[in-house]
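Right, I'll just put the structure down here and ask away after.
When the chains are written out, they are named A, B, C and D in that same order, and each has its own residue count from 1.
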């Protein structure tokens, strides 16, 4: 194993907050956990990130933040020390609806600008979140609107519920789905193809919406400059114009004709683009500010989706489900399109879109270089994540890839790599302590630390 | 727009004192400002002594290990409607008299505990009313180990029949073909229901050779009803159903009959008095109107119905129908009966001794007398008043709801 | 609660009978064995003198002098109680909601039904002031009004017109919590965009006019601002003073008044998540100070949030939340007013509660469940009065206040006591001995020459919404039945092995 | 002792055994890094000798007989897994709508050895499957235990399937009857214009329609003394009682105790409930848990450790093909995740399952004389990361991993 990344730390524990500069993007700082005692985890193997471990390293945690990870980090007295064989970062479920109001999850008239945050219901089914924590899942990407083509803005949330806001990222992604059975009706081929085209059409419209906004801004700037120049001119020869006008007025009155004002002409002000919340949301995905997660399963739709999204170069596409994506492995790897796989055993009674389901998909995609994420299938049983990763390894996936698929990879794809997914200084203190390898379902999970608080022991 | 602050800390949950693991101790002395024994005058500053599940002493005196405002006997509800729905009645034949609901009860259901913690300690469980003659009902306690022999007070307490619209609900006669089999059902009207009812008793009385063992068993049960060994409990809500029940009672000279869920029994005073049937009143709806539920019709029960039946000297009991809403349970019905003019003692009797007597278990439960089961309800004020509440319950001498922790 | 319509003739007859009791000249004396003033200790056999609708004297019988020409009501065994106040209801109307999401321009005045059964029930339970708002099946409903439950015309009913604006955080039919919150947010975003566009257009026009005048050599007198700057605390659109308020579109004007804090807001919440959404919207748009939450029983879980926001609450749900814990299967009963009282939330009980309609009976149930007597009685008198801003007028029996009195024939909290007389603004408007429907409810005897009660016509379609509301209640019952059926099925991978 | 000497000494007994009998052609020796006997013992680099379908010897430290074929396995060797309730290769055929009682039905008649379900079961390390009805009939018929390879029937009369669950109760054609999950059309009763003879009925209209009716029917059947009820009462034929809700389990346990039946309750997610457990202990019935769906609550996951503490045999129901054979080990992993002891979970997959299926002395453990059903795993079988690399049924290689794994 690579020698641990050694971090020397001055003995004095820094009291100041890690500077905001450390954090990337529109991320909310977790408020201080109520004054928890200092926590320290000592483990035979500390997995900083899959593939990088420290031999009997120590993880120091204070106020919900990992303060230091290293070989011989000094542990201040008064800290509570937890021993274990292996320590690694908390699992991140890439595809879940944990803690959401069930009606909203399957609401068909969700629009691209709907926010999953509005459905986050801490008072509903707390035991689902407790079970998820006991399964090691400390944060999850949750999504409403599984039954509509566009499902709005997903969010990245912590699974433990406390007074501090449980939201890690309000707008982790824009989501959509193609070819799913909506309202009990299984779409035929033409419907499915039409859904791809509607999705692409919406992306295109949003792109033009954003371009026209930029255009409008430029036109308005030039127009305003023009007007300002015009006004200075007019003010300059206002006195002359006033004299001329009085003369003309007098003449018209003398001749008994009716005085006619001079016609004033100027080019019209450019019209602003009408504000459309849906286009705003989709435009953010087209510009790559947030990834676009599309649940799609059959080969024909994946083929069409990959071809049609080619021109959107800044779009960060992520495919969920991807049951028949085996033959597109190279293209997915080359275009760096992440794939969220749901490797659960399925009997014969599976939904129409999972007909070609095979547990080996995750392994094959990973071997072809695709960035593979593992999710619990959009349902609320996130506690199965560890079993799913183990099953994927059992069917040919490399162990390090599988651990990455539930820790660092989802954090990276959803722009939260600075907060979760790895055990490094400055990260949120989500730490799991095992009696064996993290994916060894035979070895029980001893401790779960979520945001610096020991929740399971 | 900042994210919502969603705190975990729920509002202080001031729930009923939590269900305590059944206290092992079996002997208690409980004193109260008023002890309503339902078997004589109420005792001021009385005390009740309980040992090994039985009442060993009732009398004046104080200093009990528990001090409460009032003690009443465990309440008894004959119309509690806790059953496994359509699984509790055998619909393969119209009259399944020999089948008992004892084999179809779910003693793990939370509804028993809901009744127990609201003061109801003994109930009559009967099959659902989807058959004309549903089968045998049992009287059992609402607490204790979740097995029937632990909770049973009286097996085969009543034979359950039903008139009105429910037994015929959902049946549809075919447009052609043999109507009599199980897959096309008779009856489809109230007349049909009465025909099946009369036919069951008529065949029993004729008693000619019946080959089918199940039918023979049914006839034995019906014969016991005719001989008066078994009480017949008939669900009859509308005026015409109450009349039909009484006519059937007089036609077949059925000695003991309870008219259950008798919404409009108050409209037939002469028939009730003449027939000598006893009555179980439904919970009093706020606007007096009870919906039929199977057809678009509704029936009317005034608040004074209990007082009217009392004045007619008809034996009657009140029922809460296992209501989920606080304020409409059996203890509240006794209050509403008083609002209709019934005296407190008669209201107390209508939820304790009278129902016990109607199903023949009054030698074990129904009143606070030495030797009876130690089923006690402890109140924090005048019983059945809205300003009072059940704070403690003893079942078979075990404290199943503890008044001591200061719970709201 | 069914609200079946008797044929108009019969209804007029009933209402007429009630009113005949009142009389002119405005002098009335109430003598009672006990007067519960709710503003100090009870007065044993006291006397209240009401002249021209207001209480002019109140005290022990021998200390208060009785004017010679006053009508006297009550007797030694009666108890006088301040008239109860209904802080929020959607009853007494033809239809509770339009079906468009955002309709702030609607007004209750156009749909209130002076002779609805609900108002008759109010008198029967001693309720003298009712705040009628739109129903909850909306995103932004319309404006409501405060009424007295007696009178033949809307004007006679009205105590305060155009009072309060109704919003709902509970999803409208066909919406989920996510889309409902989205619609609520858009309602205020649309207002903002509308105002900004209006101001921008006005500025452009003035800019053009100035340039044209310069070009034509005219002096342009500077137009003074016709409107007034935008008030409110949350967000502002500067330059709104350029626009005369009359020019604002009727669809947006009430919403603007709400944001500027000139309207009281009533937000309906069914779940704790709704409470969180409601408070967020109220804070974001600056009307939290004038917000009242109309909650159902499940919202006790968000009592902390409500206490933190300091908003008053009307409890339209049941007094006790009976809920099954999915993990343990045990049933938990939580006494909602108790939780609200512990958290210091000001709450009012409502006649909408399914537990029971009568406020006195609800207060008694609350006392039975452990709430102090004073808090329970306040919840049906003083607190609703303060919520409606009528603290100085009603809620207690004090000199100078309106003469709204409910006269009981015994202790109001006992189950056997009835409201014998109701006096609104000095006029006796209800007398139980002449109450036809109450006689039938009590004795079951159908008095002569009144419509037969048994054949009640099914709710006609135009009450669809009311039926809808009822439907919602039936749905609620349905859910409970379904919930209980699931519980009956208990655990397990489902029959047939989780197929 | 020099290394040379030890090998000679070690091989002496084998030589003597070998030359005593002519070398059989199908003797197979397997040396593995670790061997799980099945009763909790774990042997390091053990030697398993298999001859014509039976296990000849299991030992550790003994050198293999060089003249016989030897296979070195760097992994774990265990007995084959046993799934206690499944419809492999017979989906939808093991129940009948029209009649509640199918005493004469025999699942052996539906056994299709070559069906693909069995191949997928082998791939998951399952060597024995009990084909038993799914609890939709009051008396479902006789279940049989079969091997997942070679078409061999291990036990033709494994158990008599009875059902105390709501699924077995017919439904009247009364419109109000909302059977949980029933499709809308089922409620309309027999198709209009269908044939008129009384016996004919669409799914859902069948006697009995209530628990009390079901108990009465079963009492009558058992009182009649006919087969197969008589042999069940005599204890020759074990029974499986399908029961899901707690009151159904208690009713089944009371009935079994009353008629002296032995066997197991199937389904019973909340069998761990203390009051249900006390009734089960009195009746001595085992429990076939599940199958479990993903959203199983913790209470039902914890019933496995509670049952094994109480000393009752516990096994897993697979209910293939509705559930994939991979689910068997997933159920085990879920049980482990709530703290069930490893031995109890492993026994539920092998030893207890064999005992419940009535074949406890023939399969389920690696011991001399047992049938040679065993699996070579890449690692600890309770860890989902390991896979079955080779599966042997009756000593014959029945399945091996298709592609070489890097």
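Convention: a contact is a pair of C-beta atoms (placed from the backbone, for glycine too) under 8 Å apart; a residue touches a chain by one contact, two chains touch by 3 or more.
These figures come from a predicted structure and were not determined experimentally.
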Any chain in contact with subunit C as well as subunit D: A, B
Chain pair, A-D or B-D, that carries the greater number of C-beta contacts: B-D
Chain whose average C-alpha position is farthest from subunit B's own: A
Whole-Å gap separating subunit A and subunit C, where each centre is the average of the chain's CA atoms: 43
Distance between the centres, which are taken as Cα means, of subunit B and subunit A, whole angstrom: 58
Overlap residues in subunit C, where contacts from two or more other chains coincide: 277, 301-302, 326-327, 485, 488, 490, 499
Residue numbers of subunit B (touch at least two other chains): 4-7, 9-10, 84, 106, 108-109
Residues within subunit A bordering two or more other chains: 122-123, 127, 349
Residues of subunit B touching subunit D in the complex: 84, 86-92, 96, 98-109, 127, 130, 135, 145-147, 169-172, 176-178, 181-183, 185, 213-214, 294
Subunit A residues within the subunit D interface of the complex: 127, 131, 134-135, 344-349, 359, 379-381, 383-384, 386-387, 390-391, 393-396, 399, 437, 439-445
Subunit B to subunit C touching residues, read off their complex: 1, 4-7, 9-16, 19, 84-85, 106, 108-111, 113-114, 117, 266-267, 286-289, 296, 298-305, 324-328, 335-336, 338-340, 380-381, 384-389, 407-408
In the complex, subunit D residues that touch subunit A: 91, 294-295, 297-298, 319-327, 330, 333-334, 336-337, 339, 342, 380, 382-387, 405
Residues of subunit C defined as touching subunit A within the complex: 171, 174-179, 181-182, 186, 189, 193, 204, 207-208, 211-212, 214-219, 271-273, 277, 301-302, 326-327, 499
